[in-house]
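Look at the two complexes coming up: subunit A is in both, with subunit B in one and subunit C in the other.
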Partner chain A sequence: ITVILFFCNPYPNYTKMPHQRFPKIQILSLASHEIKFVLSDTDTSMANTLRRIMIGEVPTLAIDLVEIHENSTVLNDEYIAHRLGLIPIRYQAPDSLRGGDVHGAFLSHRECVCYERCPRCSVEFELEVDYDTVNPARQAQDGAGGEDDEEDHEVMAPLTITSKDLKSNNEYVTPAHFLHQDEQDESQDDGIALVKIGPGQRLKLKAIARMGISKEHAKWCPVAVATYRFWPIITINDDACSTLTAEQKQELVDVCPDRILEYDEQVSGNITVAEDAWDTATYTEDLRVTQNMMKKRPEDEDFLSVEPSTDKFIFNVETTGAMDAEEILMASLRVLKDKLNYMAQEVEKVRDMNM
Partner chain B sequence: AIRVDDNDDSNKNSNKMNAPERAASFLLDEDSGEVKITYATDTKVSNAGTFTLNKEDHTMGNLLRMQLLRDPSVRFAGYYHPHPLVHYLDLKIQTTTSNVSPAEVLSSAIEDLSNEADHLITQVSDSIDQWRKENENQF
Partner chain C sequence: MSVNEVKNKIAVKDFEVKGTGRKGARTFAIGNEDHTLGNALRHVLMNTSKVSFTGYSVPHPSEPIVQIRVQTADPDGDAIETLKESCQTLHDQCSFVLERLEDMLPEVREDRIRMEKIIAEEGYGDDDDDDEEEGDGDGEEEVVMEED
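This part shows the complex of A and B:
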């Protein structure tokens, strides 16, 4: 009988829309390096999947191969190569709105048809710094030394090789030296410090950056922080609270270290929820313990309760500078869609085989 | 010139002999015949089957499982990731009637999730545009 059913209607689509969720997003704050938003009307599984994709599966560029031509610095070759790999690399096409998203601009080096590497799948950086070439110019600036030039114990200040010294062969790709202007103002260097050199030391290398995801190596991770917390649902039982004295109400309000409640005897005489309680609540035990002490019998109703919501989440995403925060969110949704489409195709294949 | 490879595949296996390739956690090894999804009907339980999803982890597993649980024609849905070092999931689905196969239910769940992701994408762009408009005066 089952066979006949399938013959008449190969894929009976009995459930089309009813089980779909319609999530909502509300942006709390948006800067190029950070985004805070509230995701609601969806399940923890979707929130967690988005978080995992943001951390692990959004493709970015990072230095993957390093050819060292000369290294007389105090750090050994692989140390410097490791540091180069961790530098966040930003792709910014001037006429596009996409802040750093490499999707479509580069191919994965495994899929590229070139022999070893080409501009389509990789970007080359060159770095060449020689202390003695740079130094004559710096000595002229140290006019404050004065007569010290003749003294033997004059200490030549070390020169810091930074990410600014990396010269790219693709004009749209540069290392992300700083997250924002404040960080640049506070920094003593021009970029991310790589190694400090002294007189007679040189560093000459060629670095190749490729596209990858964080699951392969953490250097490709576009975010520094991607977390979510649950929206607190604070319910106050006014009837039960009215049996409390003013001192008891004040005690309840004061015992919570997050200050999520307010009580003003003159204004309302009731305990109310503080305005920024959603931001500061951390679900501590203090309120519950104090309430149990105040109850006349243990099985009485609670005066108030703080519960984490099961369908509303407060996200906080901070980038490393390789991509803009909103781009990471859009890219992670795109990656999720691609994964789901791929799954759907493969499931169709399995259904066809089992028919 | 000395060549130092930061993360190149060719050197890795000689340096760390036992470590598997990092990319093996998400890249399908088609050369050795790995397929993304295989299906095995359950012999002891009616209307049930197990999907083996290769190169997936909790990112997809939990998402699919929770969506399957919302479907009233699903009696049982569960997944497990047997060990962090092996990269596949087992997803067990049992449906309530024999008219509906586990593959159909999974297909429908993926479609619902796909629509939800589309909905989210439009929501995010609208939300960002709205925030930009509201905060234009600060720029």
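This part shows the complex of A and C:
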């Protein structure tokens, strides 16, 4: 493959640095809110870099400024503002079927040339909910007895102000109320609950959302979960295993709490690796301890071993709803490329100065 | 703006080269970066045949500075050039992975191509803001040309 690349080489550095391997990605499962993939042929540094960028440096939109005009709810202003900031906000580019990546659609408000804010760097939301407008109070009844008055008043249920009540001034930007249809079906509210109000209470505010990264504040984080595990390398020494009795083999299989082995006495008489061993492996010490007891001499070879791989990782990424799952992965790679471009420019500048 | 607003400290210099002596041995101090970039570049440099010694450190967690040390095997080598090449390699690795991802998700590739075509046809400003539906100017200082 190296030879073929040499002649029509889009990656010239590959031939100068033959030790370089190019990472491979294989997607295990993909939903709109969650992606599981395997990253291989690379090092923990790359995997960790990707994870760190997904958590900390992918830009998203979140409410950053709140102007409160009226608040007679039971929660105080900054409490409500804090809750507003944590609402995930989703941008859907016009004509695009993909959701989420704000890159190129908005400017960071520090870079924007406007005076205070403008549609290029921010999105405005308005929220106005008045309990009495939604649930008009019934007239008090005349002529009833004193003790009956309380029973005549209808019990007014609290009204929940949710993220559905936020009205955006940009039709492509809305709060992400739910992750998927199942969540919406199970929920009792129309969106993310902000505050509950009762009769006579009102909430009127204007919220401005800006672009930012999670390193500045966690509200801009596009993922709920971004983790990786190591792929387990399970080696079975068949020669050594053949010296074990059937009961010993069964014991080895049963001692693993993560069920990574299978043993079928009738069919094969050998210990085999389970189908989903890569998913369930947890690298416990049970196997090693049990084997040491079975060995005739401590320095004998192991019958089985489970080791975490050093170059194959299983990623599990769940979003908050602000971006689609595969968008986050692609955005984090793009962020890394932008960082490197910037670095390369700075290096050039320094080199020109020194020349 | 508010009393308890937390501002992230920004490094004074974005990039600085330290080290006298031969051109092949240099320490690069990169501002506004952390382990995210440092570890990745260090790993790429380690797999470079030209490099005899490399490492990275974050001198203090309160300061957003990462230092990368490069020493070339060749006495006449250029450390800056080596750093540039490893940036390019890492950049190519990312592009490679992005292409493979688009292979696996053809709808993403179609979408990207369609968006790029739209931007190219309609020309300026389409990729900046999307207030296409608000045809009236409202007197806002919009630098963007609005679409009809």
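Going forward, the second predicted complex is superposed on the first by the 313 of 355 C-alpha atoms of A that agree within 3 Å, B and C clash if a C-alpha of one lies under 4 Å from a C-alpha of the other, contacts with A are read in each partner's own complex, and residues count from 1 in each chain.
Criterion: a residue touches a chain if its C-beta (ideal position, glycine included) is under 8 Å from a C-beta of that chain, and two chains touch if they have at least 3 such contacts.
No experiment lies behind these values; they were computed from the predicted model shown.
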Clash or fit, subunit B versus subunit C on superposed subunit A: clash
Which superposed partner A:53 touches (first subunit B, second subunit C, both, neither): both
Partner chain(s) touched by A:25 [first = subunit B, second = subunit C, both, neither]: both
Partner chain in contact with A:245 - subunit B first, subunit C second, else both or neither: neither
First (subunit B), second (subunit C), both or neither touched by A:67: first
Which superposed partner A:43 touches (first subunit B, second subunit C, both, neither): both
Contacts of A:336 with subunit B and subunit C, given as first, second, both or neither: both
Which of subunit B and subunit C A:346 touches, first, second, both or neither: both
First, second, both or neither for A:326, with subunit B first and subunit C second: both
Which superposed partner A:188 touches (first subunit B, second subunit C, both, neither): neither
Shared subunit A contacts, counted only where both subunit B and subunit C touch the same residue: 11, 13-14, 16-17, 19-25, 27, 30, 42-43, 45-46, 48-49, 52-53, 56-57, 215-216, 326, 329-330, 333-334, 336-337, 339-341, 343-344, 346-351, 354
Subunit A-touching residues of subunit B, taken from the complex the two chains share: 1-8, 22-23, 25-27, 35-39, 51, 53, 58-60, 62-67, 70-71, 73, 98-101, 103-104, 106-121, 123-125, 127-128, 130-132, 135
Touching residues on subunit C, where the partner in the complex is subunit A: 8, 14-17, 28, 30, 33, 35-37, 39-40, 42-44, 47-50, 80, 83-85, 87-98, 100-101, 104-105, 107-108, 111, 114-115, 118, 127-133, 140-144
Residue numbers on subunit A that touch subunit C, as the complex places them: 10-11, 13-14, 16-25, 27, 30, 42-43, 45-46, 48-49, 52-53, 56-57, 93-98, 104-107, 113-115, 118-120, 170-172, 215-216, 326, 329-330, 333-334, 336-337, 339-341, 343-344, 346-351, 354
Contact set on subunit A toward subunit B in their complex: 2, 5, 11-17, 19-27, 30, 37, 42-46, 48-49, 52-53, 56-57, 63-69, 71, 77-78, 81-82, 84-85, 110, 213, 215-217, 219, 326, 329-330, 333-334, 336-337, 339-344, 346-351, 353-354
